[in-house]
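Sharing a structure, written as structure tokens. Questions coming.
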Amino acid sequence: MGTEQEQRRKERLDRGIKVRSDGLYALMSWRELSYLTVPRMVLIVGFLILPLIMPSMYWERVISIVCIYALLAISFDFMAHFLGLVSLGGAFFIGVGGYISAVLNHSLGLPPLVSIAVSTIVGALICTLVLLPCLPLRGVYFAIVTLMYPLFLARLIEALNILGGTDGIMGLDSFPGRWIEQYFMILMVLGFLFGMRRLVNTDLGLVLRAVKDNDQAVRASGMSITFYKAIAVFIASAMGCLGGACLVHIYMWAGISLFALDFSILPIAATVIGGSGTLVGPLLGCLILVPISELLRAFGTLRIVFYSLILVGFIVLRSEGLMVYGQRKYHQFERWVRV
Amino acid sequence: MSGTPILQVKEVTKAFGGIVALNRVSFEVNEGEIMGIIGPNGSGKTTLINCITGFIKMSSGKVLFKGRDISNKPAHKIADMGLTRTFQIMRPYYSLPAYKNLVIPLFSPRARRTGGWRGGGKLGDRDTVGIDILEEIGFERDSFVPYKMASSLPTGYLKRLELARCLALKPEIILCDEVFSGLSMSEIASMVPLIERLQMDGITLVMVEHRLRELFRVANRVMVMNFGEKLMEGTAEEVMTSEKVKEAYFGSEEVEEVMTYA
Amino acid sequence: MEILIYGLINSVNLALIALGFALVYGISRLPNFAHGALYVVSGFITWTFLRRLELNYLLSIVLALVIVGIVGALIYRFVLIRVRGMAISEIIASYAIGLAILEGFRWCGFKGLTYTLPVFVPGSVLIFGIPVDYHRMLVVGIGAAIVAFLWFFTHYTRIGLALRGMAQDERAALMLGIDSDLMAVVAMAFGSALAGLAAVLLLPLGNIVVEAGYNILVLAISVCIVGGLGSWMGAVLAAFLIGFAQILTVVYLGAHYQMVVALLAIILTLIVRPSGLFGRQKELEERV
Amino acid sequence: MKTRGMAVAVFLLSAILCLLPGGKALAEKPIVIGCPLSTAFVYGWDAERGIRLAVEEINAKGGVNVGGVQRPFKIAVIDTRDLEPGVPVSEALLAVEKLILEKKADFIMGGPIRSEAGLAAMDLLSKYKKVSILTTGVLTPKYHARVAKAYDKYKYCFRITGEAKWMVGGEIIPCLLEIGKKYNLNRLFIMIQDVAHARAGGGIIAKVMKKKGWTVIGQPEIYPTGSTDFSMGLLKARREKAQIILIWMDMPETSILLKQWYDMKIPALPFGSIISAAEQPGFWKATKGKGEYCLANVVNAGNAPSNATPWTMKFVNAYKKRWKIEPEAYGSSTSYMAPYVLKDAIERAGSLDSDAVVAALEKTDMMGVYGRIRFDPKSHQVIPSLDPKEGAVGTIFQWQAGKRVVVFPKSIAVGEIKLPPWMK
């Protein structure tokens, strides 16, 4: 009965070139050198050329929005995958960064680029301080607190009628030039992307991963976990606040709708689709999701339905995300093997 | 072995809701000494270690380390002072390779100050220092064992990794929580000389154990606990002959056997 | 005096809203972020039965609750069951489904302010000089009845005990032969039906609007967190706490701080006692 | 094989292209009107219907004569979702930019509806130098104040609908005083939504009515957007014997407020300076008559049947025929007038150039659906008045026996204000 039919199973093996070029830093041939650098160059050059080949200025604005969401997505991915802190607080970072930059620009008259830089640092400090008491929380609790912070701040600004109340702060000046705005955003995203990838492999990055893996062991090694979590939250919120500050200067306006839920949900969707843990994945996720949502704009609210169904599909089918799949395909090949 | 007490535990009590886990336990450990703590399951041994190292808040009592009061201080501060511990349930970083597991403790403020286990004040590259420590506690240097992922290491190596984590901090005292449990005879045999070498390097050890035969070979003094209270304290021989210990262990033959053997 | 009456009414409303969420989380550890959507959807379904098909009011309510219960069960069976355990995926998946349902209903025409449900009993009466309408009193009565029924159900019926077993410890329940997935589906169906019931009771007071879904979710989460995620009795008590707190802020502090109170309650509780007032003490389990 | 396929495709493409300009009737390139509206809300789809009706009528009569060439209007509507909570305003601004840059809109009409989005869009419009006529939503006086303050930057922004300052000073307060004289009521209680324009409006009304000798009870009760319980405020009104409750809320929960007011039989007349739920004709059926006696303000005439000008009833009937329902929200008549005002301005300017059209718009003088339409040259705000012959006339109506009866201003009133029976 069926015994003679030989069982076959798929086997995955690393490609020869991967093994040779992996870890050993003496790269012999151009082929190995290109094997490593080509994907990275494609990403960098592609992302830099993108604004130039865009049909109309409108699509350039879409790219700036992609950059903002990409910053948020990378910060979410960094915190969730390398720190174990699942934060639904993208809107919180955007709001804090945006409002600080608006106040600096509006009342102190700082030029946009200066106010963005200052608001990124100050915003990150404020976010870290505000989140400090919630760092020991785990899983669902931390997620819910970070989800509540933006809603709370929005209602607070609305109730106390400060910072321009519900009308918000208007008349902020935009970036000096169209191209400056575009390439400032892109360079920031690429800078943070490759900066984070390097950070993750440094000793500090290892400590953060250890905090996620087993924080009691880190405590037993004489290091305070809250301190290291605070450093990581500072880095992540710096990215978020930068995004917020840029958004405010692109639209020359800041209001309580900076705390909108979209800023929390879309980056997570992008990370899930792009592949969490690879830091490039979320960027890819944004590059896919934001333009799609623009194209579907004509369908009105059906766009959101389509959006959430993609998200549910990716989560439920638990495909590990495009980037992880891409890496696997790039580094390995599969063949059938008789058992 | 100078006689000055390095660790003094006074009247430590801990109650979880109604259950009293520790009931006014007090003892002292002198510098360079190996002290054993034995007792049936649930006698509060691990809770005692957790209280001393600050992982659990004590209900009452004091702990002095080299004369300084460290009761209820945060765990990482106590570890930073040199009072390190291993875990009964091992806690390596499974997602990292073995030598990278040591990068974390070598990243701690204490390691930077003291330069790690053999550093003598200056901390070299964390990876090489890590591999040195691993080699010293029994990871073969030139094999690929230090580079294997922690998740694929056998229990013996993981237990050694726990010890290596404490060594990386250049500790003055290590509280070992059942280092021998779960090991095969051969692994224990190779572990005992390691413990003795640590003692010669001047490290004080407090070992919570069930395997009495190996403990009695290394321990200078032994304390027996039962239901959260200290039953008695004394040299290995006194403990083995005392009636109270027999009752606690209801006359387990093992004590008899060890008597004939020692 | 009016603070007492309307504080009670507000608290019962909050309890009804939060009960479904607390039940689902209590039993299967699943934060059901589609709660707000199920609430609003049951309102629209009842409306369609009532207006389009002219069924009698009670029948359309029962049908709507059954349908919402089935929808809740299907959501769990085909979507959430595959993401059990991963905290972030559960939250995102359930929130995304909720979003899809809500925006889907909005797209196929349920827009504007003209969708309402009639009140059970029109008119109002003066109690100690305070006008209270019959419908709100009815809601308080039904609310109390539901809490009593839930207490009876979880203490004296087989399914109820099985649900409580799973709430205490899922693995232990599995060992005793309780099929945890089936129980989770039952819990989700029950939770969604409760959300529907809350909708059917509270929506006649105003009109059915898609935006209400988001507020309802925030209120449900705030009550469940303060009450301690996992214990539905805690949620009922927390509902009274927040209900009266809101009414007091409206009277003494000013009405515009009302929403701020609910959100502040969440943040403070989570920082001070993550497991909430009545939740099980998880402190030890996390520490060692 | 591949190259041959390419050749065929190219040939086909060019054939289609040259056919296109052949058609004569609608040959001229259409004038594109971009409408960034939140189509999921009554203000959005109502404004869209108004504009669409006007454009259909204009195109039927041959379109717009631009320097001798007849060119039709073409509408491009985009959903800005700006009235939805949780949606960032940048989404609405992105929609405006999509209209300008991708759909190549020559003019923007209707405008983002939420005040903060409208104000934010002003900077964008001045950046791209696009003429925009705001017809619904944005009521805040800040809008035309900014135009007046930085004229050369914001000169492209026009607003054809009424604004809060005139609405309060010119319509609501005189109407309140009239009710006060008629039934000698003078105790006012104010309930407003926690939104900037509501706070400002509520504050001004409280101050002015105090000066006019009315007793205003306590501070205005401010309710956050989305609050679902108004019992405390209504009970306070009852306890303090308020006679008129002024309501300034544009959120769906206002129907909860009205139902509670009716159930509690609060002896006070609800006066909705802005009360979104009560504006729609469907409101009556939805609340089973519980909204009886509620006064609501629809900012401009024509949104409720009245005979302000000969054109008003013509518009109401045309609207009912086209969309099978009476004009719903306060944006419909203004949105209907905007294309006509634009057509008139373009024909006078003779070209689509923004600056020329701005100059022409400033000299607009046209008898429209809700009175005489003229723009203040400095602030580009339509000039309001109580008399349809002088300027744009507002409308306050009262729900009486299921119908929306216009009761103020006197010049176009159709009925008298009535008090609820339990108030006598």
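For reference, chains read A, B, C and D in written order, and residue numbers begin at 1 within each chain.
The definition used in the following text is that contacts are C-beta pairs under 8 Å (C-beta built on N, C-alpha and C of every residue); 3 or more make two chains touch, one makes a residue touch a chain.
All values derive from a computational prediction rather than experimental measurement.
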item: Shared interface partners, meaning chains that touch chain A and chain D; value: C
item: Centroid-based (C-alpha) most distant chain relative to chain D; value: B
item: Rounded Å distance between chain A and chain C, as computed from the means of their C-alpha atoms; value: 33
item: Chain B-chain C separation of Cα centroids, rounded to whole Å; value: 50
item: Centroid spacing, where centroids are CA-atom means, of chain C and chain D in whole angstrom; value: 37
item: Rounded Å distance between chain A and chain B, as computed from the means of their C-alpha atoms; value: 43
item: Residues of chain A whose C-beta touches two or more other chains; value: 155, 158-159, 216, 261, 300-301
item: Touching two or more other chains - residue numbers and ranges from chain B; value: 55
item: Numbers and ranges of chain C residues touching at least 2 other chains; value: 106, 214, 256, 259-260, 287-288
item: For the chain D and chain C complex, residues of the former touching the latter; value: 40-42, 45, 84-86, 194, 219, 221-224, 226-229, 231-233, 235, 238, 252-253, 255-256, 259-260, 263-266, 276-277, 280, 282-283, 285-288
item: Residues of chain A that touch chain C when the two form their complex; value: 80, 86, 88, 133-134, 137-141, 143-145, 148-149, 151-152, 155-156, 158-159, 216, 261, 265, 268-269, 272, 300-302, 304-305, 307-309, 311-312, 315-316, 318
item: Chain D residues within the chain A interface of the complex; value: 39-40, 78-79, 81, 86-91, 93-95, 97-98, 100-102, 115-116, 119-120, 122-124, 127, 140, 142, 146, 194-197, 199, 224-225
item: Chain C residues touching chain A - in the complex, by the definition given at the top; value: 31, 78-79, 82-83, 87-89, 91-93, 95-97, 99-100, 103-104, 106-107, 214, 218, 221-222, 225, 229, 256-257, 259-260, 263-264, 266-267, 270-271, 274, 286-288
item: Contact footprint of chain B on chain A as seen in their complex; value: 203-204, 206-207, 209-210, 213-214, 216-225
